[in-house]
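Two complexes come next, and they have one chain in common, chain A, joined by chain B in the first and chain C in the second.
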Partner chain A sequence: MSIEIRGVSRNFGEFAALKDVSLLVETGELVALLGPSGSGKTTLLRIIAGLEYPTAGTILFHGEDAIRRDARSRQVGFVFQHYALFRHMTVFENIAFGLRVRPRALRPTKADIEARVMELLKLVQLEGLAQRFPSQLSGGQRQRVALARALAVEPKVLLLDEPFGALDARVRQELRSWLRRLHDELHITSVFVTHDQEEALEVADRVVVMNKGQIEQVGSPEDVYENPANPFVMNFLGSVNLFHARVHDGEAHIGPSTAPVTTAQDAATIGYVRPHELDILRSRNGGPTLEAVIKHIHAIGPTVRVELARRDNGELMEAELTRERFTELALKNGEQVHVKARKLQVFTEDYSI
Partner chain B sequence: MAVSLASQTRALSPRRILPGFGLSLGYTVFYLCLLVLIPLSTVFIKAATLSYTQFWAIISDPRTIAAFKLTFGASALAAIVNAFFGLLVAWTLTRYTFPGRRIIDGLVDLPFALPTAVAGICLSAVYADNGWIGRFLAPHHIHVAYTQTGVFVALVFIGLPFVVRTVQPVLQDLETDVEEAAASLGATRAQIFARVLLPTLFPAVLTGFTLAFARALGEYGSVIFISNNIPLQGEIVPKLIMDKLDQFDYAGATAIAVVMLLASFALLLLINLLQWWSRKRLGMG
Partner chain C sequence: MADTATRPRLATESLPVRIFLIGVTLIFLALFLGLPLASVFAEAFASGRGPYFEALKDPYTISAIKLTLLTAAVSVPLNVLFGLAAAWAIAKFDFWGKNLLLTLIDLPFAVSPVIAGMIFVLLLGKFSPLGGWLDAHQIKIIFAVPGIILATTFVTFPFVARELLPVMQAQGVEEEQAALVLGATGWQSFWRVTLPNIKWGLLYGVILCNARAMGEFGAVSVVSGKILGQTNTLPLQVEALNDDYNFVGAFAAASLLAMLGLVTLVIKSFVEWRTARNE
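Moving on to the complex of A and B:
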């Protein structure tokens, strides 16, 4: 079932949590709402679920107005950040809850409920834990119970509010790829909220970047990462180096060096370079480079992070090299090197971060 | 050799992380002995001066049995009523904001602070057949003051704060996301209340019930003023004990006290076990 959000706004008193947001989620898609806290992503998710109402605008499920339907009748599965399991019920009873509260005419038989719960326990890999209470489970297990509980009622839409936010890093990584596989299996239209850009880029089919109650960019993970629409998106999706630049005749002038840019406008601007797009050279090699001094080297993991200070104005920047390149250069603290940007992003709109 | 072995075992013996266990336990036992155990043991000692037949004669006296029935019956009934309405009051005070909420919240504690005799006098004045409320009830042949109903009303009054104050913090801590989860799974408001909220609140309600019940069993001051205190009719156990004391029948008074004490203890223990069980089920054990 597709979800269409049309011009949704939500005010909490003076504060506008959402400002005229429109978005279309296609049937079977897995979409991430990504943004910092206070960007309105959770409010939007709760409005889709019917747990919150918009001040203006509407929500359509499969082309039908859903705004007048309450949470109970929207057939939406909702997974909460802190699991929200029923503490006094076993795992089995938690998962069966949605089926047991159905009106008598629609309620499956006892045997059917049991079969369905067992099937879901298998799906979330918790067979054998049916009689445990939530307090006897780990965080990752609890979240999987919450997911099974939401799936038990065969929802048309699955909504997840920071589903892995309360878990530790390793479990989070595990559940992330597991969620992706689960979605590939079930193909249920899903929207999940996260403030972790890595999570969004890794799991989602499409990423919706939100900021201050508005959508900044919508696109595939590659698209938003490679072609960010504005400095906010660029900055939010990973670390970035800032260079004050002047654009002149299609070239950005940064200190003594230049780089070609696509914008024709002549103005003072800021150039953005991702750390892995910065290369370190021993000699100038002809091309446009900046002189810099190595301040610090973090040589842990597959990539090596090098902190540099520009020689002309002392501004700090960070470069990320592959281990091979690092060994080839044999860099040391305090050495003087040349820095070259492979890719420089310049945004025409004036934007402050 | 033996010395070094001994010192070694001492070093290896597990030590408690929290210091002062011996001191605090010793103080607790000493304190309880001084205030509870020793005074109460005199009751048993005095009652032991009676022979078994004498003891039985006092206990099986219809007047004693009537007093026990009234005390335990009215107390249980009052505690049940308090469990329901205390939950309602706690719900109203935590779930809604309305002008005057703080004042009502403060009013709940009044039965704690008010001298019970004052409460008894006020209640009997209001509920007497010519009182503010009693005059509307009398034409319907409902008489509250100076009847067993009056005893019940007084016990409800003094027991109210217990349930409210035990349920309130639990209600405040209740996460709304559990209710939202139930709603998005298709549960109606009534189903959410019955299947999700009530089971979570049950241990707290039970605690409040126990406290209100225990308080009602021992209540004297307010009941004396609102009951007619007629033997076999409106006489509660504490009043019966007082009567015996007035007639210098100390052994008789302690015999009744012993039974009262044991019965109360057995009941409270039973409720505590029930509570331990329900808490364990909630994963709070």
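Moving on to the complex of A and C:
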């Protein structure tokens, strides 16, 4: 079932949590709402679920107005950030809850409920834990019970609020790929909220980057990462180096490097380069480069991060090299090198981070 | 809780200090709680077991026991209902006037019970407009059983609500929201999710409320009119017998109230133990 969000706004007193947000989530898609805290992503998710009402705008489920239906009748599965498992019920009872509270005419038989719960326990790989209480489970197990409970009612839409937020790094990594596989199996329209850009880029089909109650960019993970629409998206999706530049004759100049820009106006602007798109050279090799001094080397893990200071104005920057490249260059602290940007992004819009 | 063996040495006081602190507490408890309680039973049984049970068979005392039980049987369920509704509203929803409601719930604790009784007499007594109307329609509230129940309900109102509020606030609203999204009606969510989560807190509130309802003296003494055999509750009966120099009778009746207190304490400890175990 597709979800269409049309011009949704939400005010909490004076504070505008969402400002005229529109978005279409296609049937079977897995979409991430990505943004810093206070960007309105959770509010949007809760409005879709019916746990919150928009001040203006509407939500359509499969083309039908869903706003007038309350959370009870929207047929959504919602996984809460802190799981919200029923603490006095066993895992089995938690998962069976949605089926047990159905009106008598629609309620499955006892045997059907049991079969369904067992099937879901198998799906979330928790067979054998049916009689445990939530307090006897680990964080990752609770998360999966919450997911099974949401899936038990066969929702048309699955909504997840910071699904991995409260877990430690290892478990989070496991559950991420598991959720992706699960979605590929079930193909249920899903929206999840996260503030972790890695999570969004790795799991989602499409990423919606939000900031201050508005959508900054919507696109595939590759798209938003490679072609960010503005400095906020660029900055939020990974570390980035800032270079003060001058625009002149349709080109931005940073030291000797240039990049084409669309605006003709001569002005000061800022160029953005991701650390892995900065290369370090021993000699100039003809091309335009910046001279810099190595300040610090972090050589842990598969990539090596090098901190450099520009020779001309002392501005700091960070480059990320593969270990092979690092070994090849044999860099040391305090050495003078040349830095070249493989890709420079310039945003001509007036925008402050 | 860590036992003494595993507790770090630095975190414990020296033996003399411990003996002193515990000793002072025990002596205080013995003097101010143990001794009076023991003397109630000693006085009640001063003339032996026969007169004790004889005193309890006094028709006025039996009528007082019945009235006390009736009062508790009406006011405790009422306060469970009010307390649940108030705690539910305050803990789970945001609305205008929430703080005012919180203050009003505490009002019976802040006001002296005698004043509470006076308020009802002023409001519903014969010489007030409302009381005049009631009188004209042959409805007796003040100096009758309804007044006693009304005053008792007022005085014991905060117990259930106050006991439930922190429990409900600590649990938040997420479980109810989860139930809602899963398709439960408000009623189903209350019976299947909210109530099981607060049952021990509720039971604790009921026990305290009941103890106070049966033991209430001040407010009831103002509105009851103390008609022997009709509007005398057990605490009022104790006073009446005492004023009559019928000490065995007075202490026999008092011993019933003391036993109620002891039973309440036992149930309360059990509930506290269960609550601690559930967490």
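Criterion: the second predicted complex is superposed on the first by the 342 of 353 C-alpha atoms of A that agree within 3 Å, B and C clash if a C-alpha of one lies under 4 Å from a C-alpha of the other, contacts with A are read in each partner's own complex, and residues count from 1 in each chain.
Note that a contact is a pair of C-beta atoms (placed from the backbone, for glycine too) under 8 Å apart; a residue touches a chain by one contact, two chains touch by 3 or more.
Nothing here was measured: the structure is a model prediction, and the numbers come from that model.
Taken together through their common chain A, the two structures put chain B and chain C in a clash. When both complexes are overlaid on chain A, the residue A:102 reaches chain B and chain C alike. Of the two partner chains, both chain B and chain C are touched by A:86.
Contacts of A:134 after superposition on the shared chain: chain B is touched, whereas chain C is not. In the superposition on chain A, contact of A:72 is made with both chain B and chain C.
Once the two complexes are overlaid on the shared chain, A:294 sits clear of chain B and of chain C alike. Note: residues 49-51, 70-74, 76-78, 80, 82, 84-89, 97-98, 101-102, 149-150, 152-153 of chain A belong to the chain B contact set and to the chain C contact set alike, using the contact criterion stated above. Put simply, chain A touches chain B in their complex at residues 49-51, 70-74, 76-78, 80, 82, 84-89, 97-98, 101-102, 133-136, 146, 149-150, 152-153.
Interface residues of chain A, counted against chain C in their complex, comprise 49-51, 70-74, 76-78, 80, 82, 84-89, 97-98, 101-102, 149-150, 152-153. The residues of chain B lying in touch with chain A in their complex are 175, 177-178, 180-188, 191, 195-196, 199-200, 281-284. Those residues of chain C lying in contact with chain A across their complex are 174-175, 177-185, 188, 192-193, 196-197.
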